[in-house]
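Let me give you the structure first, and then I'll get to my questions.
Order of writing sets the chain letters: A, B and C. Residues in each chain are counted from 1.
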Amino acid sequence: MAWLILQRLGLGVITLVLVSMLVFAGTEILPGDVAAAILGQNATPESLAALRQELGLDSGPVARYLAWASGILHGDLGQSLANRQPVGELLWPRFGNTMALAGYAAVIAVPLAVGLGISSAALRGSFFDRAANVVALATVSLPEYFLGLLLILFVSVQWGLLPSLADTWSGMGLAAWLQATTLPMLVLVLVTVAQIMRMTRTTVLAVMDQPFIETACLKGLPMGRVVLVHAVPNALGPTINVVAFNLTYLIAGVVLVETIFNYNGLGRFMVDAVSKRDVPMVQAAAMVFAAVHVVMNMLADIAAIALNPRLRHPRVKES
Amino acid sequence: MTLPVFGRIPLSAVFGTLILAGTLVLFLFGPMLAPYGQEDVLGMPFAEPSAAHPLGLDQNGRDMMSRLLHGARMSVGVSLAAVVISFCIGVPLGFLAALRGGWPDLIGARLVDIVMSIPVLISALVVLQALGSSLPVLIGTIALLDSTRVFRLARILAQGIVVMEYAEVARLRGEGLWWMLRREILPNALPPLMAEFGMRFCFAFLFVAGLSYLGLGVQPPFADWGGMVRDCQQGILYGLYAPLFPAGTIALVTIGVNLVVDWALAGRTTIQGENR
Amino acid sequence: MSHVLQIRDLRVEAPDGTVLLHGVSMDLNPGEVLGLIGESGAGKSTVALASMGYGRGGCRITGGEIRLAGTEMRTAPRQTREALRGTRIAYVAQSAAAAFNPAMRLERQILEVPRVHGLMNEAEARVWMTDLFSALQLPDPEHFGRRFPHQVSGGQLQRAMIAMAMAGKPDILVLDEPTTALDVTTQIEVLRLLRDVIRRYGTAALYITHDLAVIAQIADRLMVLRNGREVETGPTAALLDTPQQDYTRLLVAERHGSLTASQRMHNPGKDELLAIEGVDAFYGRTQVLHDVSLRLNRGETLAVVGESGSGKSTLARLIAGLLPPARGEVRLDGACLPPELSQRDNAQLRRVQLVYQLPDVALNPHQTVGEVIGRPLALFGGLRGRALKDEVARLLDQIGLPACFAARLPGALSGGQKQRVCIARALAAKPDLLICDEVTSALDPLVAEDILRLLLQLQDELGIAYLFITHDLSVVRRLADRVMVMQTGRIIETAGTATLFATPEQAYTRRLLAAVPELRTNWLDEVTAAH
């Protein structure tokens, strides 16, 4: 099993390297002159040449990639084109903000969603199950900005309970922070709870249809014990995958939510960088998002390996 | 998929089908039904709904309902085009990979895994940064990114069919590639692919609207629903419903597709909503 | 004597309203074993599960009475039914591998029964479990329960399932085909231990099976079911010797017939059709065939028998070209067959045809019977239009189906009809060699009997050679000219059918032959005594 986990770790590292190549290729090698794109209509031959040299566009793509990649490994994410500041200084505080918001949402969404998913699977076909499904189907379909705007309209504009803009600054108190971020958190929770709940339900139901659950019922075990002792442990691995999958969505998908509430996170940072065509910033932000995604999925896979009884307790030789 | 008996369609599916039919009408005839042009300034910004303008005016004083009707073509059209293209790329390649196996299959599968390990929105942002946002770029980007998901599903479905004994019998008979794809694999893979088409459309539709909302999707002067939400978002701070009309329309279409897909998938244990 | 279980006029319906049981009644005495016999769809499992107050897959008990330990199970509240399950009546499934929770140690799943029902304390339950393990001759009974389900063999797991059912000291065991999924040699072992255990503890049982010879060894009485109705019930020996109903007579005659050698006059040709020389084959790195050689003459039937993992199906795939050999060669009519399918020409593909075990997955659900049979005719015979249609009709007639079946999709056919279509598809290629891979194993006995008759008749008419792969020795005796016994990828013994059954040379062959149950009620005792 340790070998399998090592393999998965190795695969994760390889994936990260390949992903970095893709990101680099996507930003720099796609057709179109980056320098001309950045300067737009103000381009003069001299300024173009100067910018090309500054960007290192006169050297080959492989050399540029290696320089960029080794920079990342040394913690150097390059320099912003727009305001000449190191990308790292701009990026990490915003990344922290995004993680804080996503974490806040996850702490509430995951237990709620997994609990709802398991209960609705256990009570399959009941009124609760059907109602939960209809509500989940509806919330899954609602775009973030619709939910966000509804919440702003009622909670902040009409009832004046919470601010409509999620203004945060370093050094603000926890209470103030919670007040500022609760609305965006709610939107994220609404969107992810439905998703995780539906997928958890499907996962648990797939286990509930296995013959060993029928055996447990025919042993006369009470329904609660059948679900908690026999079904849930077997659904754990897939459920962890479901949760990890949706948490990565939380982190990458905050882009929209951050824009709605004008929250100072990595998502909005990246959208700004894309509008300004600030290549180093886009590269760095994309790399961070992709890395989080890869690492989360890797952790989920490792958890699933660690939970698999066949791998934990390998077959012994017959005596 | 056998055609269902009409009397046994659940209410939710009837509702979903009605929404879909409505969307189709808007897509085909929306601009013809619009009383005003999408750029006509007709009054005060954010004017309240009235008899002449049932949904009021937007932040530039343009008729909200007309813009919604005009925007239908863009919002639905871009995502529909993207999904059709992604299926045209993903399905044949996925089938071929499964049928032929060997190293092209492995390389294809690995490549798709790598592309899929970057969140779609992030990949799209990277490409749009490099190429700028124009309609062909937008459609092409979404189609290519989406085709990785379609490829994966088509490959898995075809792998499941290729190992079935009836497909083995066909191979033992020396059937060619075309027969295998057309007669053995496609008919058996069709029902799940149809459901996937609905789900992928839903995803692409929300995605285009989301990009437009971020200002990176469909560009002015074209009206599109996501962009309309962005444009009149400020209105919400004054307690106006204006941005809720396009946002609600987007939500309604998505619900409609989801209801129909959910009904088509009933009884299957597919985990839905992958790759948001 | 008071009954431990009393069922009156039981009716069960499927969720779509189909009636599965039309009023079945039975009584079960303490310590008595009642065999439930019937083909698939007869309602055997439905009766047994209903006696536990349980409907599988949303089936509902819609009428009748089920009295278990003085309780009416149909109307009892859920808690009451739960309290009786495991303690009064317990269930043993066909596939123990699927019936055990893969994430829990065996002992936790077994001890759970007496603990949850509050029958014993932990220490008592443990002693009882060890007793059961010993009685079932499981290795190292003190520690056997520490293992996980995937860590023990199939036969051991089935015995552990019996221990789990016995853990709550029930009055009644429901045994749902408990030995069907096992290899023959394992089957008699489990059957013998099962019988010992229920006799020792005086447990009554409902034993469900489709195999009359198996049930004859263990049941006191038999009940024959068909299409959800009782056909007849009687003491085992009497029912087998003098069945009262036509349907029972048919079942018994089929099983008797399958146990006697064929009376057929069959003179296979003398020319060699197929020859395999010194073949080794691998799946990945695992060697699955070791130095296999065989000869098959025109019009001859060679049966390949062996338990699961013997390599017999691999041999079929190798001949068909689906698995290239690592060493050795396959010759058809003296000419070497290319190992890869893609290198074989049309004639080589045409001359070897395969029929599979599961007709459900061997027919494309989206092609009509006419298309399925017509394709090889068009491909190999170049037939078109009218001629093609006529030939399809002729083939359908040959396999005993009306011509109108050509328009049907496989979904509208029964299992036996599907298998006939598969045979017709193979015949359409006009093959010299037909490889039959367990073609009757998935079918009910009477349907299987019809398919066997059809195959014999076709061989007489067309002179095709059969390579007949099976684990069922009774089938072999009826239609094979020669038999080849395989074990773990090696040939153990090859001989003429009569010779092999009369004087088997190898110990493994003798064990295999001895393990085939016979229809006499005292067969198991004789075999056990002989050990």
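The definition used in the following text is that contacts are C-beta pairs under 8 Å (C-beta built on N, C-alpha and C of every residue); 3 or more make two chains touch, one makes a residue touch a chain.
Small disclaimer: the values here were computed from a predicted structure and weren't measured.
Seen from the C-alpha centroid of chain A, the farthest chain centroid is that of C. By number of C-beta pairs in contact, chains A-B lead all other pairings.
Here the spacing of chain A and chain C, counted between their Cα centres, is 50 Å. Rounded to a whole number, the gap between the C-alpha centres of chain A and chain B is 21 angstrom. Residue ranges of chain B in contact with chain A, taken from their complex: 12, 113-115, 117-119, 121-123, 125-132, 202, 206, 209-210, 213-216, 229, 233, 236-239, 241, 243-244, 247-248, 250-251, 254-255, 257-259, 262, 269-274, 276.
Those residues of chain B that touch chain C in the complex are listed here as 164-169, 171-175, 183-184, 187-188. Residue ranges on chain C touching chain A, taken from their complex, read 49, 52, 54, 56, 79, 81-87, 90-91, 93, 95, 98-104, 112-113, 116-117, 139-140, 147-148, 150-151, 153, 164, 168.
The touching residues of chain A, counted against chain C in their complex, run 210-212, 214-222, 225, 229-230, 233-234, 309-310, 313, 315-316, 318-319. Contact residues of chain C toward chain B in the complex are 320-322, 341, 344, 346, 349, 353-354, 356, 358, 361-367, 375-376, 379-380, 425, 429.
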